[in-house]
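Everything on this sheet refers to the single structure shown next.
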Amino acid sequence: MTKTILTAAAAAALPLSAGAQAAEPSPPEAMKHAAPALAEYTKDTLFGDVWKRPGLTPRDRSLITVAVLVSTGKSQQLPTHLALALDNGVTPAKIGGLITHLAFYSGWPNAVSAVEVADKVFRERGIPASELQSAESALLPPPENDAPRAAAVEKNMGPISPSLAQLTNGVLFDDLWRRPDLTPRDRSLVTIVALTANGDADQLGFHLQHGIANGLTREQLGEAMAHIAFYAGWPKAFSGANALGKLDK
Amino acid sequence: MTKTILTAAAAAALPLSAGAQAAEPSPPEAMKHAAPALAEYTKDTLFGDVWKRPGLTPRDRSLITVAVLVSTGKSQQLPTHLALALDNGVTPAKIGGLITHLAFYSGWPNAVSAVEVADKVFRERGIPASELQSAESALLPPPENDAPRAAAVEKNMGPISPSLAQLTNGVLFDDLWRRPDLTPRDRSLVTIVALTANGDADQLGFHLQHGIANGLTREQLGEAMAHIAFYAGWPKAFSGANALGKLDK
Amino acid sequence: MTKTILTAAAAAALPLSAGAQAAEPSPPEAMKHAAPALAEYTKDTLFGDVWKRPGLTPRDRSLITVAVLVSTGKSQQLPTHLALALDNGVTPAKIGGLITHLAFYSGWPNAVSAVEVADKVFRERGIPASELQSAESALLPPPENDAPRAAAVEKNMGPISPSLAQLTNGVLFDDLWRRPDLTPRDRSLVTIVALTANGDADQLGFHLQHGIANGLTREQLGEAMAHIAFYAGWPKAFSGANALGKLDK
């Protein structure tokens, strides 16, 4: 645990090249010099408190952090957080799966930039190809009770954009969501994170319910919103948490 | 057509320096290594299917793609997509017009970063200054029936922000929209793309109607939303398509 | 005044390394070549008109511009606008305070990238550590009448995300907002700018009222929306101005 936390503290702001070797427990000199109060919040609040809270495992916190960084295009912070994610137990294949998933949920440009960084991190660590995402995988069985969702897309989106309706049912839900490189629970988690971090309120209600059906608890989602606050800003997290609060109503 | 598609496939992820020479038919090594499933989607779904769909010309798909990249600040993917746009028949003057237009609709910083990349691409291709945007152009005649729009801005925005109302009517609509470097139809298209890609829902209804008045069809706009899904993410495209569906109601 | 305006004109697009020495009165060659109409708007409308309007001081316009750039992650334009902000009377300690504040309101990644640029600008200018933000400062007294706000957060957010509720009251409002490196008025201004530039409509109503309570006038806020239009795009500014217009209703 100590090792993870130390690495995490360093991960906040180390330069791009430091990558996997990050082991310094304190924020970088530039931050301590130009904004020392921010360095204190980074050390005491973000890494000394939030990352240690029991509501989510370090592995889930890494998954959430990387999902924010990929889906909002923050490549600069990605090398150290990918390294931390690997240290926290997120496998290289899952990182490939996360980037592939977020290509659809936050656009190809974010994914293309992220995969370049990830490939570099994987190569620096000497991770063999056998541990990376596989292109050809047997798909998971189609989820039960998916027919109403598919029918609603066809009925509501079909007349507006036949292509978007067809790609949503044929590629997004019947292929991407059935890939085995992420569990449905983790796929829901990174989707919810990307929607929250990008302010995509329209789709959040559906995916929060979908995520709960896939095994995420309300407590985990509430804690995820607090974690997202630090990586995508308070307003996005508050809107996400409010969407979570509206689920019952 | 084959040439365009091959160039397009390469355009997804080639490094910044590859630029106009891009001719490889397959995604880059980094993606094939670290996220091979994403490489398959890029090859089979995005370039092998979506870019070939008949609902929009390759020229319009390039205009849409470049508008997403400029308006969301994705400079890293811009060199190869600018090169592809030129191959697909978007003229250098129109690219200058697009960047100028999106300075207003997505902020100066995105445009300033984009124009630096565009200038480099233009110079590498040896495009003469006579083919580039001209600063001094006779404006198109003012659009008919614009008085109610201008009056609404004055009435509704004038009391809140006199500067914003005056700049909207005096500069945005009475100058920028009347520049001849983009047709009103193309100007509407890149505006709708920028609003959709940035989640600017408040203004989308007006601009969708404005775009239809300027010659865009509902079918083209529906297909544009499917294309945008790949470059700005599914949630933004779904919200945009839903705004399109609400036009009749 | 002339000096400031000349510096401002150059600040629009000079390359990263030009920094504090910026003194050219005209847009860069790349823009004049590839998008000369944009260069004209930059010179005549943005710097020749908007920056000179009397509704806001140059110092406030710099604060607004830097807040947009930091909160939307536009690091490329930051060096010259930080230099301009220093010329316009924004102190180095306030810049550190602004970045610290916007870490919370737009996410750590934006702040971490910004602080690296700021540190470089400060060092190039030879600004002594005594003029920079201080980590250890006596907090301002808690604001009067804050109890209802804190109670509302506890009541509404507590059941959804106990961590987010506790961090909002314990760290955000009871610590960050009480730091002396920004006045409450300036803290409100950069918060409103960040919310507007990022489309965070849900929280804008509260912060506009909070800002007026902290000394911002409606006229200043209306003028700020016109300034934001140029740095975050027209749609974000229109939505922000509409939120301002709804305050009375």
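A few remarks follow.
Letters A, B and C name the chains as they come in the text, with residue numbers starting at 1 for each one.
As a convention for this text, contacts are C-beta pairs under 8 Å (C-beta built on N, C-alpha and C of every residue); 3 or more make two chains touch, one makes a residue touch a chain.
A quick map from chain label to UniProt name: A, B, C = Carboxymuconolactone decarboxylase family protein.
Model, not experiment: these values are computed from the prediction.
Relative orientation of chain B with respect to chain C corresponds to a rotation of 120°, obtained by superposing CA atoms and rounded to a multiple of 5. Interface note: chain A and chain B, two copies of one sequence, contact each other through mostly non-matching residue numbers (shared numbers fall below half of all numbers used).
For the pair chain A and chain B, the distance between C-alpha centroids works out to 28 Å. Multi-chain contact residues of chain A (touching two or more other chains): 73, 199. On the side of chain A, the complex with chain C involves touching residues 12-13, 28, 30-31, 33-42, 45-46, 50, 53, 55, 68-69, 72-74, 76-77, 197, 199, 222-223, 225-226, 229-239, 241-242, 244-245.
Of all residues in chain A, those touching chain B in their complex are 71, 73, 92, 95-97, 99-100, 103-113, 115-116, 118-120, 122, 129, 132-135, 137, 156-157, 159-164, 167-168, 171-172, 176, 179, 181, 194-195, 198-200, 202-203.
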